[in-house]
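The structure follows.
A, B, C and D are the chain letters, set down in written order, and residue numbers restart from 1 in every chain.
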């Protein structure tokens, strides 16, 4: 299989290409009886939609979602929910020159080696545009989790290239084009992006995403740990090169006496674990950080080869995000929600009868 | 399901507990006709076996593997290969006190919340002992990949707690108890571990693992990318908190003009990608780094609660690795091999007929 | 999950409802580089399309298929192929009265018990209309199997209610509205259906489907036997109540000395096995028979209950097939093709390197 | 994969060969907290054990089961349950002559074509001995279903070769070597088998299996219908060639006005459906019938070929069941239980919150 289905019980099958007639997904396994309409999904799509600032690709896509199946009279029926998003602003001619050569750092070469054929228009299947259906599917998962468990998901950019972005507060995220949880640094980020764009280059970014009110007990030890599936989901986002949970790489330098989060009747005393122990959620906040590499499609000339193996030089035309990480925040939130949703269903399948005398103890804030 | 099966086509189902009669696995989907005997598997098990130095748990397990099925007259038959490893040196009484309390940083609490019941002896199912069957399964995958594609896997420790371990050469790895690719730092590492052990504390570690001669074209874009499945596999190893591929978190600060590996007729000019583009292998070396958290079972007293929610103090008896990362190297190699093996089979299922005019170009060494 | 994905490596995810905006499917795992256009799929859809004779539902649907993704410049790219079929002639008001009651023999009651909500329009998700996407997906599988292995699939009706339809020749199948491999009995079948329709009743049918030139070695013993997956596929077709392979129930009365097909240098001497031994294809023709129950939506009044559990009487309005079995033949062919396709890919994944001195011996015709 | 895992959420991975050191399985996904001991499993294994009468193979196997993992202090922990059954009475020399030739009607030829190698001892992987682990796994599923839902499973032989065995009552099943629900016909069945055995031939059988108190709402429409998964499970049993549910092939001749089971406030008026509508359980009894072909290993000489394709004659030595159907009854019960168990968990995963005003109406007895 070409692996286009995500999840075990809340299954999202993704389809489409950047410049095909449409992108979309089929959600299989959604619980029945939940109120659902396009209006529940569109706001999330609008957050990751291109063309919303001068710092992202200028491709103009409304990303309007159509619910094709699985909903009757405003309620999910438990049958597959097909979500369709038509492509409207494709300029395929910009990519004619790419059929024969491979952009350094891009999937061009790998796709060609794997399939022998590829759709070069806008990156075809490898385009970040394919994250749109996941954001749509994530919106469905987020609605169910919020209504059923009170779970919420929040992400922000914590670094843009060399610029570290201190966390000031989640209230700032919606008021700048970078999803920064910061109000004081925006001008500097804007200037950085303008310089970069003029130079025809690109940069990376680091995104942090957290989940609150995650039910305790989610995750399957060996091998479908909650954090293992989170790592899989995050690394599956275009351009992501690293994933860490809780202390992450910082845990290398921590002592056991420091890293292990103490438990008290009042709750966990800290959250170095980032919300999971032994691959299972504890009720603490999930804390995930990812690294997004710089966009490979840049205007600067790079050495490459053509399909005959001859040396050539590539310069990418077309419209691209100078920092693909900017739009990655709502995508990371959606993927995290899809993992939690899937495990919420998996957990009640096996452990639906488990009754404990003690309710979960409160989780500690990540900072502590 | 409780998620104990790893892989899609080369499927490893893991079973057992730390102090049960045995641990083991069933490998389903191994190609038929490959010569296989216990002697092909035992050397890998011996590398991760406990009791090999004073710096790891002193539990004495021969970890002798028995091939229970799937092999006839020395050849794999294509039917399930059951590998059984008997537990021999369990001291369950050491854990009696743990049934009622939860070690900070340990899976105790999470398992109890999920299942309502748990086997506390030696960590039960959450013990690192369950990595033994994966190392055994990995040995089978490594043999097939080496014979069929010439692929090899090598890992080493690159940091022990605060101590960075410079890479000097893979020839050193087998000659120190830390799997360090370094000869000059061993005494310092030994001293560090002795101090730590006396203090009753533990520390983390960073492991790097690489694969050479990986066929190009492995990996399924959206969602089963080769790197996504690698992240899933690595984060599934006990105590791992972070995974990065190629530049990893370093990619945040890189420019596109720096990160994108140029292609030349002589091969890739560098390897910031760490072997994959768009989730598909390029023929470059796979480069993976993981963070292993400090062991949660330490002698120092920690605050915790009991099953009634009352405050208590936990001190862990029993035998434990003061740095569980020390034995993680052969495990990480095995998990990486299992991912590559699974995708090698998946790739030829779908793309077995793809024929290209140009052979894969050589990969660059990770360093470059 | 709600189980809407069919297959392991050639995966078809089905979506839609009878009266929703569209029905369709996503094919994941199709080998790349195969020429594919709507024209390759439409003829199969036209064979099962409603309204083609007075003996089937008069709902008028062109069933025009749109390839939404996975094909570039006329070639499959190896990425998901989304096939969309818009619904055009829905008359939902005919079903208003069904929201509150349950048709005897229909899925109404079961869906309500499972989901609590249901889409009653035209049977919603339980409508035979959902077989259209499978016929479309089957056409893709048939094209690949024909071009790669020369495999072909042919089905016909062997009984309509009490009327047995002797096999005269496959050349007759396309020239009557019943897919009968018979030319002499058509008038009687027409008369039977006219009587039935006037009476407001319905009848069952038996369909036989065969595959020729099936590669030897397909099927996974325990549990995904080729015949087990065929039984699963056939029983998954609406209204099917029984499946048999080869001698089927006739094998109960056969002796071992009669049933076991002898092998000779010239090939198999007979085909009681129906093409599989031990769950694996032998190269003989696959021979499958299914029973299709009578349509449950009939005009005759039947006793039932309403959602409050009160006694009521149901009479079905709307347009229905008086014998749903009539249009089942192309569906059964498609489902058989999907099973063989999936196993062809699965087989080469594991056994792609198997080389035998002896080519498969010829299979015997089913009759023998 | 070689398909050795059965089920989606209650997953049974089967391993072993007829003459290897052991056969067994790993059950993954069993709900935690259920009391379980070998004594809960052994009685079911004893029912299908060989050597219990002169009418089955005289191989003497105690089939003693060992619980290797997943149970702690008498309770399931929710982690994988490995069940091991050692082989003790293998006489492999009897099969030396089979490595070079193929028994007509046996898996010998198909295995060789698929894998190129095979274990000929006692049929290796294709032996009916591999049903023992399924009976063991089925016992675990039956215990949970009985305790949680009151569901029970009962099977019997309804035909032995040409001899139809009228149903007289389930109380007779345990008191004859044929699992016949009949007391008056046993002598005739014994005589039939004695004649057959002397002749060195074999015969087929028909088995009926039913489930009572099956929760309503189990099964996933398109494609994992409850009846589709039942067909898959039954056709996956060695030597099974046909499966029918409810009216089965009889439905071909039924009218809609006869087949559709009417609903009344007192319950269903009949059970032609056999317990499912639209692939979902209704609360009626599940009614399944299967055809078991005659044993292919017979003493009578048959024509065959050797591995070089040369004509030869095969006579099977070794010990075999002259009617493999005799021991198929407990196997069919177990497989049906495994399907219901898996769907019980799947159902509550997706529909665990569905609440209906009306409790399920009573099911009708199959006879009615």
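Please note the rule applied: a residue touches a chain if its C-beta (ideal position, glycine included) is under 8 Å from a C-beta of that chain, and two chains touch if they have at least 3 such contacts.
Because the structure is a prediction, the values reported are computed rather than measured.
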Common touching chains of chain B and chain A: C, D
Between B-C and A-C, the pair with more C-beta contacts: A-C
Distance from the mean Cα position of chain C to that of chain B, given in whole angstrom: 45
Chain A-chain C separation of Cα centroids, rounded to whole Å: 39
In chain C, residues with contacts to at least two other chains: 1-5, 8-9, 14, 29, 32-33, 78-79, 114-116, 125, 221, 346, 350-351, 354
Residues of chain A that touch chain B when the two form their complex: 1-6, 8, 14, 102-116, 125-126, 130, 159, 161-162, 201-206, 216-225, 227-236, 238, 241-265, 269, 272-274, 276-283, 291-298, 300, 302-305, 307-311, 346-347, 350-351, 354-358, 360-361
Interfacial residue positions of chain A with respect to chain D in the complex: 9, 29-33, 78-79, 148, 221, 345-346, 348-354
Residue numbers on chain A that touch chain C, as the complex places them: 1-5, 7-11, 13-17, 20-24, 26, 28-29, 32-33, 66, 68-70, 72, 75-82, 114-119, 121, 124-125
